[in-house]
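The following pair of complexes shares a single chain, chain A, combined with chain B in the former and chain C in the latter.
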Partner chain A sequence: MTDATADTGRAASALQQALARPRILVPVLILVAATVLALLAPALIGNPSGINPMARLQAPSLANLFGTDQFGRSVAARTLHGTRISLLVGASVTVAALLIGVTLGLLSGFVARVDAVLMRIMDAIMSIPTILLAIALMALFGAGVFNAIIAIIIPEVPRMARVVRGVTLSIRERPYIEAAITNGARPLRLLFRHVMPMTAGPMLVQATYVFSAAVITEAILSFLGAGAPPDVPSWGNIISEGRTLFQIAPWVVIAPGVCLSILVLTVNSLGDAIRDQLDPKLRRETR
Partner chain B sequence: MIGYLVRRIFAVIPVLLLVAVAVFSLLQLTPGDPAQLIAGDTATPEQIQAIREKLHLDQPPLVQAMAWGSALAHGDLGTSLLSGVPVTTLIAQRIEPTLMLALLTIILAVCVGVPLGTFAATRVGSLIDRLVMLLSVMAFSVPVFILAYGLVYFISLKLHWLPAQGYKPLSAGLGATLNSLMLPAVALCGVYMAQIARVTRAAVIEVLTEDFIRTARAKGLSRLYVLIVHALPNAAIPIVTIIGFGVGGLLGGVVVTETVFNIPGLGQLAASAILQRDYPIIQALTLLFAVVYVLVNLLVDLSYGLFDPRVRVWKAVNR
Partner chain C sequence: MNMLPANPKLPLLAVENLSVEFRSGRQWVPAVCNVNFSVEPGETLCIVGESGSGKSVSTLSVMGLLPERTARRSSGRIQFDGRALETLSDAEMTAIRGRDIGMIFQEPMTSLNPAMRIGTQLAEVVRRHAGASPRTARRQALEMLERVRIPDAASRLDAYPHELSGGMRQRVMIAMALMSRPKLLIADEPTTALDVTIQAQVLALIAELKREFGTSVILITHNLGVVAEMADRVAVFRAGEKVEEAPVVELFDRPQHPYTRALLAATPRLGGGSWREGRVLQTIDGAPSPSVMPAPADAGTALRASGLGKRFGQTTGWLGRLAKPIRAVDGVSLELPRGQTLAIVGESGCGKSTLARMLMLTIAPSEGDIEIDGQATASLRGEARRLVRRRIQMVFQDPFASLHPQMTAKQIVAEPLVNLGGDDSRTIDAKVARLFDLVGLSPAMLGRHPFEFSGGQRQRIAIARAIVLNPAVVVADEPVSALDVSVQAQILNLMASIQRELGLSYIFISHDLSVVEYIADTVAVMYLGRIVERAPRAALYRSPLHPYTTMLFQSVPSLDPNARRFGHRIAANELPSPSNIPTGCRFRTRCPFATELCAASDPALAAQDNGHEVACHYPGIATQDGQARMSELA
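Then we have the complex of A and B:
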């Protein structure tokens, strides 16, 4: 029990320290704000599918902050609802990639026989460009948000597993691990109690990159017509619907495009900031 | 050196085989009846049966794998479900725009990214350095189709400098081709250039702290000479590595860019194939792009030996 309380204490103070840095605090606040807006979207703003033929393709005004599309639907309402899809996909993919990737990475780092097989499979998956693999999977699964999440998890898992494996390999050689083994720590305790906490930093940084990659991939899939179905507004399919009218009504594309860029920029900067905070030596390196 | 080359080339074969197996198993590992999935919800039982026979889905997986593998070995990538045209023919018809776009993008990204990163590295912490880093974080975060629409809006629609859409084949002259591909290449190279600039900056900063740089400066060589002749070649390995890795993102980006700019290349072929659920096309393109990626990275691996003789004996594991 004392172990656990000490851990919570340490985690809390680390969190406090991290949030004192504007480079971490600002992106976190933006993400919290986006999440709150996304959750409250149905209450805050009208129906994203409300068609109004009288108000088609109106430029942004006070009544329609981001203008209206070719069916007279409010671009603001659609974009806000799109936030839900992007955050949902980003969060689900990140959590799943963490769970699967960390398990595989720890296993690979510790069991040489598993490593040989698993890492070759991971290499093969990583050889296929992310978007193409996701497209191939979507061609099989069919459009849909849930299917898109699965299709994005598969290419992202190896990217997480690789990072965790790398850290595990270097941790394995540390004297304290040997000490734990000598003290009779069982394999599972060894992995989860002594090795996993050490991978937390790189894991967290990688998680932010997985999140932003997932958001972009979902937007691309929806843009290509293979992601969220037309009745579910997502940034990708709003842009896709707006592209034919881009020359006369660019605002339909601008609102979701700017939101998408801001979300990805926020998450990427958060990742960079966490990385610098965890290890100033890494500051000069990149992903 | 020869031994190193041969070892590296042989090491790629199992990866290529695994990629082929992975692409093949996509269809097998999908839950449910793949023929039903490809045919869609509205298909009649006859249509589903036809797809099943066409893709040999009515046979045991091992037989399917053998048939697919043997066809592959004979250069047969299957036929389009919709048009019945062999996929290899479709690829041959559409490879030129994609190849030109990819080449132009790589050249652009390297020619801008490397100097930008090097320049920033010589002035760490300065305003220019911060500006370059900020730009690279932004370029890294703006998805390719957003950047593409931004460029179309300002460069084509407002300024009328470059065409907003379409592709002029090489037969119409290199100038026309480059003119039609300039905007797509700029859009596509954003992320790639940012990666290259960041890695170049980090690598050059690292090398500039080495003793031999101080020695070279001490014996009176100019800053620029030291930078180009002594620093850059020694920073080359991480730079060519990221150039190789970036090709993966580039190939994925091609699908989006070609759709935005209406370029009749392989990317557009893939994009239209998803909507028509023409699975053999997607399978073939996935395999093709993965093979290109693996081979580009093999070239990168081989180039290590060129930049650093030590690598010929001991390959850097640290990526």
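Then we have the complex of A and C:
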């Protein structure tokens, strides 16, 4: 239908506009670069688990860009492979938290009876510290990347659900929603066609925070040995293994640490930039 | 009396060659171009114009109150009381603003500090500018509140702004602006957010205080009725320029500029009659040809409501609030003959919007039934209830807020068809295109989003959406009150022509009696949730029988500066809270003719001659006839 093309056309031009702003363009480029590197890691760089006892704890050099660890494995290879885990966890937690959180948020924003129950459950989950909850869940499920993802999704869902619920509550009081009701929109259409598109902005912003929180939580879990198993390199377990040697071989910790900081900072500043972009008042001021 | 000083010396304020620019992206675009105006001591200058005419921007610029990042004064000399304002520092301007120039804005809540008692806020003005002691300042604050006719002023000193009604807040604003006895009072749309009855009180108050203190007044408004009531001199603004300036009588009797003439012609005035009698409203682009068309008789009933009532706030269940229920609507019965228009008139808070929402089946009545196009709705549930919406649609007050911002005009108009029509997409496209044509929009606009349209165009889209299903009834809730005068005339003409062509029935909800006169066949006046008077349009406008209706009529500003109405009626009486409805006749607390009978017994809506119904123990008492009869009886 022509409507659909008009819609995608408009979305495309909005995207173009957004990308014209350095505050959005730069983080997006960094994320794209990180994703490409992570995807191509096996081709680009050697085996992260290749032990070479002859070349233990070597300082960064041309041969080993970020040096080697106590087993002579390349820190560069391990860090790059760790990027895969971080991005995988970040992306899957974000997608899952979006799907579940948005559904729950819309539902409790719309159905008063469900709202009271759902939100108390969300409050209960939020009242437990994220890390503690994730560790407890890992103890329950056993270590592993997939289980880590599940364990991180659960504490992140309420954050998304609360935001979506709040926006839904304010949107549904708008006259155009009342107009849609008088125009005979069925409840599902009302929800998905009229309310949900208006929650997209805040949802997107919240998604970036969920992403960075998930990356950090995964790193912490792996650091504590409750996340990725030792044979899967993740920034968390690389740092964990390197921490006892920090005095003599700081490079082992520095490479994954810096990557973690850059990724989280990038995603957070992307979230801030999107929020400012969506708020016309802020946009004018920061122009 | 509005006497100019016998010997006008220098003007108090003289603005020369004022230009203001707004920032749009990286460019500066002119918003006001080379405007000149001046105010003499003791004079009222009205600046009239529609939205975007630059009337507010000009005065804000004079006051140095434009937002710095987005607006700038590119040229202009401003002489106030012998000083050149454009050369003063920010600190000096602040001193002048507080002491010599007082300001009143449209929305008093934005200018009052919500966290401070009003007595303290008022006293602070005197303490800051006159250095008075706290005790003196408080005494002066009390005096000023009494001056602006705040009932029970002593106890209101300790009230917070949110505890006062809109009209009362505006009085407090006026009191605050006048605390320092300014030489100039600038009022920017001071009554636009108020009901007509309150508007009349506030305007009378401003006029009285002006006489008393000899203050000069700049009154910015879009309402020509307010101009006729208040102005000594009038400046007409359009698109950032002053197009005409003249003494008020001259402007109304012999307008020179075509725009002024068009504006005057587009303003509906009381006594002009209805479109059925061949009346058309002039618009800026001319007027449609008039045609006489009597209301269709015996065509059946499009909508009937019987004993409708709505109570709010009765939650007493588990963890619920125990609130006193508000009876927003109480025992309202209506009948709308097919092809006719029933207007519902009343102040804000009278329950007319609640009534509209019950008729639209968006809120469930606490009691009573609604019959839409012959179908009773009280027992309908689920899908059957949804399908009734084919027969009743709505036009909302704010066209921007009632259109989904992310949908195109075409999607918006097609929405009812998609939900309720059962047509294929080709038929939908054809119907939408035909409707676009009918409401006067170009097909090229189909793919645009609401923000790309003007206010009038948006309301046209909303009307197209309401009639696309060819419903029996369209409920229009204040459909023109958010629009400029010239656009308002276009929309009213459009609604009349649609009714003529399609034979639709309208429920037209409005607070504006002059608009209602043009569009309505029957008028029902609501007060505190009840209909207090109902009559055919002609009968009601000829001889209103309820004192409340008379009060509403008297509150409409006349469009004739030679026949000003707001002389001395400045008693501050307001709509009582619907949670605390007076015993007996609910209007008695504001009725000048109330007797013991009125306090004791509640009059029911009773039929008089010619289909006129009224709920009053003394019908017609507020008219001169009625008063003569009363004195005979006595």
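For the reader, a short list of remarks on this structure follows.
Assume the second predicted complex is superposed on the first by the 277 of 287 C-alpha atoms of A that agree within 3 Å, B and C clash if a C-alpha of one lies under 4 Å from a C-alpha of the other, contacts with A are read in each partner's own complex, and residues count from 1 in each chain.
Methods note: a contact is a pair of C-beta atoms (placed from the backbone, for glycine too) under 8 Å apart; a residue touches a chain by one contact, two chains touch by 3 or more.
Quick caveat: nothing in here was measured; it's all calculated off a predicted structure.
Upon superposition of the two complexes on chain A, no clash is found between chain B and chain C, which fit side by side. Look at A:I150: by the touch rule set out above, it reaches neither chain B nor chain C.
Shared-chain residue A:I181: touches chain C; no touch with chain B. Of the two partner chains, neither chain B nor chain C is touched by A:L25. A count of residues in chain A touched by chain B and by chain C gives the higher number to B. Contact with neither chain B nor chain C is seen for A:L204 once the two complexes are overlaid on the shared chain. Of the two partner chains, neither chain B nor chain C is touched by A:L278.
When the two complexes are overlaid on their common chain A, residue A:L88 makes contact with neither chain B nor chain C.
Shared-chain residue A:P250: touches chain B; no touch with chain C.
Put simply, the nearest alpha carbons of chain B and chain C end up 7 Å apart when the two models share chain A.
Applying the stated touch rule to the two superposed structures, the overlap between the chain B and chain C interfaces on chain A comprises residues 284-285, 287.
Listed in rising order, the residues of chain A touching chain B in the complex are 120-121, 123-133, 135-142, 212, 216, 219-220, 223-226, 239, 243, 246-247, 250, 253, 257-258, 260-261, 264-265, 268-269, 272, 284-287.
Residues of chain C touching chain A in their complex: 25, 69-70, 360, 362, 386-387, 389-390, 392-394, 396-398, 401-406, 408, 410-411, 415-416, 419-420, 425, 447, 449, 462, 465.
Against chain A, the residues of chain B that register as touching in their complex are 14-15, 18-19, 21-23, 26-27, 30, 34, 37-38, 40, 137-138, 140-146, 149-150, 152-153, 157, 195, 198-199, 201-202, 205-206, 242, 248-249, 251-253, 255-256, 259-260, 270-271, 273-275, 277, 279, 282-283, 285-286, 289-290, 293-294. If you check the complex, the residues on chain A that touch chain C are 1-3, 6-7, 10, 174-176, 178-186, 189, 194, 197-198, 284-285, 287.
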